[in-house]
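We call the chains A, B, C and D, going by the order they appear; numbering starts again at 1 in every chain.
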Amino acid sequence: MLNIAVAGLGRMGKRHVATLLNRVTRARVVAACSMAPHETEWARANKDYIDFGIKVYDSYEDMLNHPGLQAVWISTSTDVHASQTIKAVEKGLHVLCEKPLSTDLNEVSAAIAAAKSRPDLKVMAGFSRRFDASYRDAYQKVKSNIIGDAYLVRSNTCDLLDETGFFVAYAKRNGGIFVDCTIHDIDLALWFMDSPAPKSCFAVGTLKHHPELAESNDVDNGVGVVEFYGGKIAYFHASRTQAHGHDVCTDISGTQGKVMVNVIPKANNVVVADKTGMRHEVQPEYWQRFEDAFATEAQEFVTSVLEGKEVPVPLESGFLVMKIGRALQESLLTGKVVKFDEQGRRIDE
Amino acid sequence: MLNIAVAGLGRMGKRHVATLLNRVTRARVVAACSMAPHETEWARANKDYIDFGIKVYDSYEDMLNHPGLQAVWISTSTDVHASQTIKAVEKGLHVLCEKPLSTDLNEVSAAIAAAKSRPDLKVMAGFSRRFDASYRDAYQKVKSNIIGDAYLVRSNTCDLLDETGFFVAYAKRNGGIFVDCTIHDIDLALWFMDSPAPKSCFAVGTLKHHPELAESNDVDNGVGVVEFYGGKIAYFHASRTQAHGHDVCTDISGTQGKVMVNVIPKANNVVVADKTGMRHEVQPEYWQRFEDAFATEAQEFVTSVLEGKEVPVPLESGFLVMKIGRALQESLLTGKVVKFDEQGRRIDE
Amino acid sequence: MLNIAVAGLGRMGKRHVATLLNRVTRARVVAACSMAPHETEWARANKDYIDFGIKVYDSYEDMLNHPGLQAVWISTSTDVHASQTIKAVEKGLHVLCEKPLSTDLNEVSAAIAAAKSRPDLKVMAGFSRRFDASYRDAYQKVKSNIIGDAYLVRSNTCDLLDETGFFVAYAKRNGGIFVDCTIHDIDLALWFMDSPAPKSCFAVGTLKHHPELAESNDVDNGVGVVEFYGGKIAYFHASRTQAHGHDVCTDISGTQGKVMVNVIPKANNVVVADKTGMRHEVQPEYWQRFEDAFATEAQEFVTSVLEGKEVPVPLESGFLVMKIGRALQESLLTGKVVKFDEQGRRIDE
Amino acid sequence: MLNIAVAGLGRMGKRHVATLLNRVTRARVVAACSMAPHETEWARANKDYIDFGIKVYDSYEDMLNHPGLQAVWISTSTDVHASQTIKAVEKGLHVLCEKPLSTDLNEVSAAIAAAKSRPDLKVMAGFSRRFDASYRDAYQKVKSNIIGDAYLVRSNTCDLLDETGFFVAYAKRNGGIFVDCTIHDIDLALWFMDSPAPKSCFAVGTLKHHPELAESNDVDNGVGVVEFYGGKIAYFHASRTQAHGHDVCTDISGTQGKVMVNVIPKANNVVVADKTGMRHEVQPEYWQRFEDAFATEAQEFVTSVLEGKEVPVPLESGFLVMKIGRALQESLLTGKVVKFDEQGRRIDE
């Protein structure tokens, strides 16, 4: 059994606690923390937290000192991911850190360096899509060469329009749409095409529902293109404004065929036929789409610690992803192409 | 060029004239007839009929004497199909007769005998689905053995609910739902499974929207099962009451696989994603689904006459189809299984 | 926490133990049993059984005496379901019994009577499909009246062809295809249409891959029709011989529309486009299709016991289902329609 | 009846003759021409050309003098489209000119000016997709405002890999992939979004199967992005190398929803279920996808001439399309963003 704590009790932190309780047999949730009083109050009054003896802390640092603690799942806001990862590593704890590691590349590097300094610890990046059954099946198919050489990836992360204000409040610190949303798609593109070196990045965007994002130099819909050395290409659409649900799809084109993931999103197997024709519903948000992936992610992290295996997604895989995400975000702002040489150095024209 | 006339100027007759004008280059429509004054008046005032010199008759018999006439497309009501076919054959005319040939098996036999007596004439049964590109592709696939031995057919003919009263007015003389609708499905089952001999027929039904059909011993939804000698089975659903459109589908199961035709009906390639999810429309009636099939049917009939080829669907193929359709309709009424021996004789238990 | 034991360590029994360990937080698996030495040996050597202290018994009766045991999940062969349910109830244990309760209607009645004699115990029938997210969504939609009055159900249970011999070995005691497979579809039809009284049952079948089933008067493909009082109809296709996977679908037709469940089965969200066109895979068996449903079933059973709620599927719901399943199986053998009056008494003509 | 001639007897020219003969009742094909002897020989020996008295010319100019000629359908190679259009207009003939009008913007302007100088003549641009039933339905839906304000279009033109060498031979004079393929997608984007002014164009590409295209500065796969003034965006994927067929799809995103056209291409309504799962075929080339659209295009052109109506796609609609196509092709070569001010003037940074 692995003694694990969850940092952050926002929407996802609560879900991670539930996942660990209900889907990860060999993990024991011993602690959780939040700096938001309404979250800690909620947790302290919650039957599950009481029954399973989960100690709720107001401070991340205090939680790290919980007796017997072995691992932390960091699910706080992006701006503290890197520093919290470093602190946990310094305490000798295993870490599963939610994406993105940081919006600052230097912080990303520092966290990666910290992890490398402690090879005895398992430090994993939380790119949840890599644990989704469909993406894994697609990956196996691509790696078994059924589509030849994979050279082009299209990948979208399009969220249901949030009319509650939750998203906009949260948007200020997320690094922009290409860092917050497209980062998953970039990770997938690199995963499916064997991490080619980026050559040029270009992006455009628009504001259709959330004009207030202009203040933080962001958009609510963006389209980005990445050209890689070696004749590979990725392109992305990220949106905050979908009417129909959470629409995340990926096409991987190869020289002999194409593998498509979730091109027609469906909430379940139900179709209704009535006067309007035939219709099906779509998942409202990524949780319904990726709930099982989060469970698999947690199970595999726990197994990698308990059985001393490699983590499925090493922390350093987050570096190139973030570099491309930030280049797209920069291009969105400047209207210019961001270029790199083959060694990854910026080319300023 | 083939000089052809169309008998009947109801909904389908008008469409057949248009098909011949617009889609059958080597046919010349020289005449049409109807006993309904509002139909002949409409035709005589119609620009196409005037421009292309289509003579409009009030009597079928008069039309048969039209100078130079070579062929007739019979699209009148079912109760005169057989007698009109016989009359045309007696005049030495080629015939394309809409299904069903008759609701009376003796009439069917008489028409087939008439056709056989004139092997120089092309006399064809109008089972339009056999000319549909998808059904033909399915047929080629089944015949090329990709699903092994075809042993089970499910086939549905489910019409959009007609709230205009048109259908009910028309229903009195159509022989019942299994004769009027399911006849297409029976034809397909026999076609795909090489015309096995029926062993038993059973059907049930219900009245959900058209209670007035009870007077003519009919239902607005029926389910029928046919067991054939040789371990083959067909089953059918016919409906007059669909909310979403014209839903006609067929599955052909074989020992090594299954071929499915139109299991998810779609009016076109358009999908709308909005707050209700994702939806597509469905064809409102069989014309939108089978318009191209009717054009192919007409083209092939004309070609078979002009080039002296076999007709693609000989008239006699309508006999066994009707026998099964009537057995299902009988079972619907009596609640009993209608059984046949291997020679096709009724077995009364 | 509920102390629960699993009876039977065949394919499904092992899965149920795993489900309870990994998906049901508030259950503690304390014991399991099997009369098959290779199964008990396997379990005694299994890391999970050892780590979680699951006591493995060679006898069901001995297991019932396990100290502190509160509930039993019966996953043995059908012929002992009823007697084991009765024994557990007599010991004062809560029971979740896999379908079908028995192939003998008297045994079914006896088990139901036993359950009724102990209203303090939760005794539940394991109709797993009722716990599937899609079927539940369909049920909510039907009950919220979006398709009007539900009057017709089509439901199929079509299994992947088993070439290992496992199925045939197991088939001898399962009561026949309409009892073993179609029972789920009958349950769904009754659920969606509010348990109408059956009026007539008719079935036909064929043997395409497993001729040895003829010995036990069974078929490997069957089609059955049930007419209910009140103008409702259900029809079914059961197959043991599918090439493409486990294909279970259900259409519920109502006066204003239709709800369709899993009409195009898909293993996941992946589509491959290559020289053959576009394709997706299908689940190989019901486990992949219904794994989550089994977890929900277990969770709800445990919750109903711990919180003293009604069980979601009372044991008596298995009676009418079995009566119809056996009538279809009888019709398959005799070629005759099996009829009932509105009180459920057989009408012999 | 309209006397019409077809210029060009290559693959498409022959199809246009057949379309006019078989699908356009009120057109009479009186002449055709080609400068390729094997094409004129083929035509002179062809039964249809003989039967219907189609005069076959070796010279376009000679054909224009055909007695009684009223209209020309120009289906030659792109480099002569503009000059042939001008010559026909000068002869007082109506013109339907295949896309693109030219790869040279000055030539495009000259042809448009010629057409404007003769307002009595119908001069139409052949953007065939605008005549496709699905695109028209999508257009009606967008214009009826069911998705709110349309602000983003994704559109792909992806061709089946041509292994015959036909495509490469033809590629030298087509202006590049964004001019030859994407031009349709650009036209659709402008059509659906009300012709917004382009602001910036960026494109990348790769060579995967046809390295010989490098000589003509072209690629076999390209991705392009166009940002428009007013917060609108379009992005495109063009490919010559698909394994599965002709895959042309378009998504139109609006503030309240999305309309999708042909996202899952299907050759017909047939699905095969076998050991590989479930699959359907895809149209091999654009002809199978757009055959009906070409018929509608021809019918509407003929009707516009005979009835003196506006042509559905005026020639000048080709100008902005080509300007964007050429900007994308330029960006592909230079790696730079091509920018325009709101009046359409190039901005050189």
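Here are some notes:
What we mean here is this: a residue touches a chain if its C-beta (ideal position, glycine included) is under 8 Å from a C-beta of that chain, and two chains touch if they have at least 3 such contacts.
Here the structure is a predicted model, which means the values were calculated and not measured.
Using CA-based centroids throughout, the chain positioned farthest away from chain A is B.
Comparing chain pairs A-B and A-D by the number of C-beta pairs in contact, the larger count belongs to A-D.
Chain A and chain B, compared by their mean Cα positions, are separated by 56 Å.
In this assembly, the C-alpha centroid of chain A lies 41 Å from the C-alpha centroid of chain D. Multi-chain contact residues of chain B, defined as those touching 2 or more other chains: 147, 242-244, 256-258, 263-265, 267, 271, 273-275. On chain D, the positions that touch chain C within their shared complex are 242-245, 247, 264-267, 271, 273-282. Looking at the complex, you find that chain A touches chain C at residues 21-23, 25, 133-134, 137-138, 141, 146-147, 256-263, 265, 267-275.
Remark: chain D residues 147, 149, 151-152, 154, 200, 202, 204-209, 221, 223, 225, 227, 231-233, 235, 237, 239, 241-244, 253, 255-258, 263-264, 335-337, 339 touch chain A in the complex.
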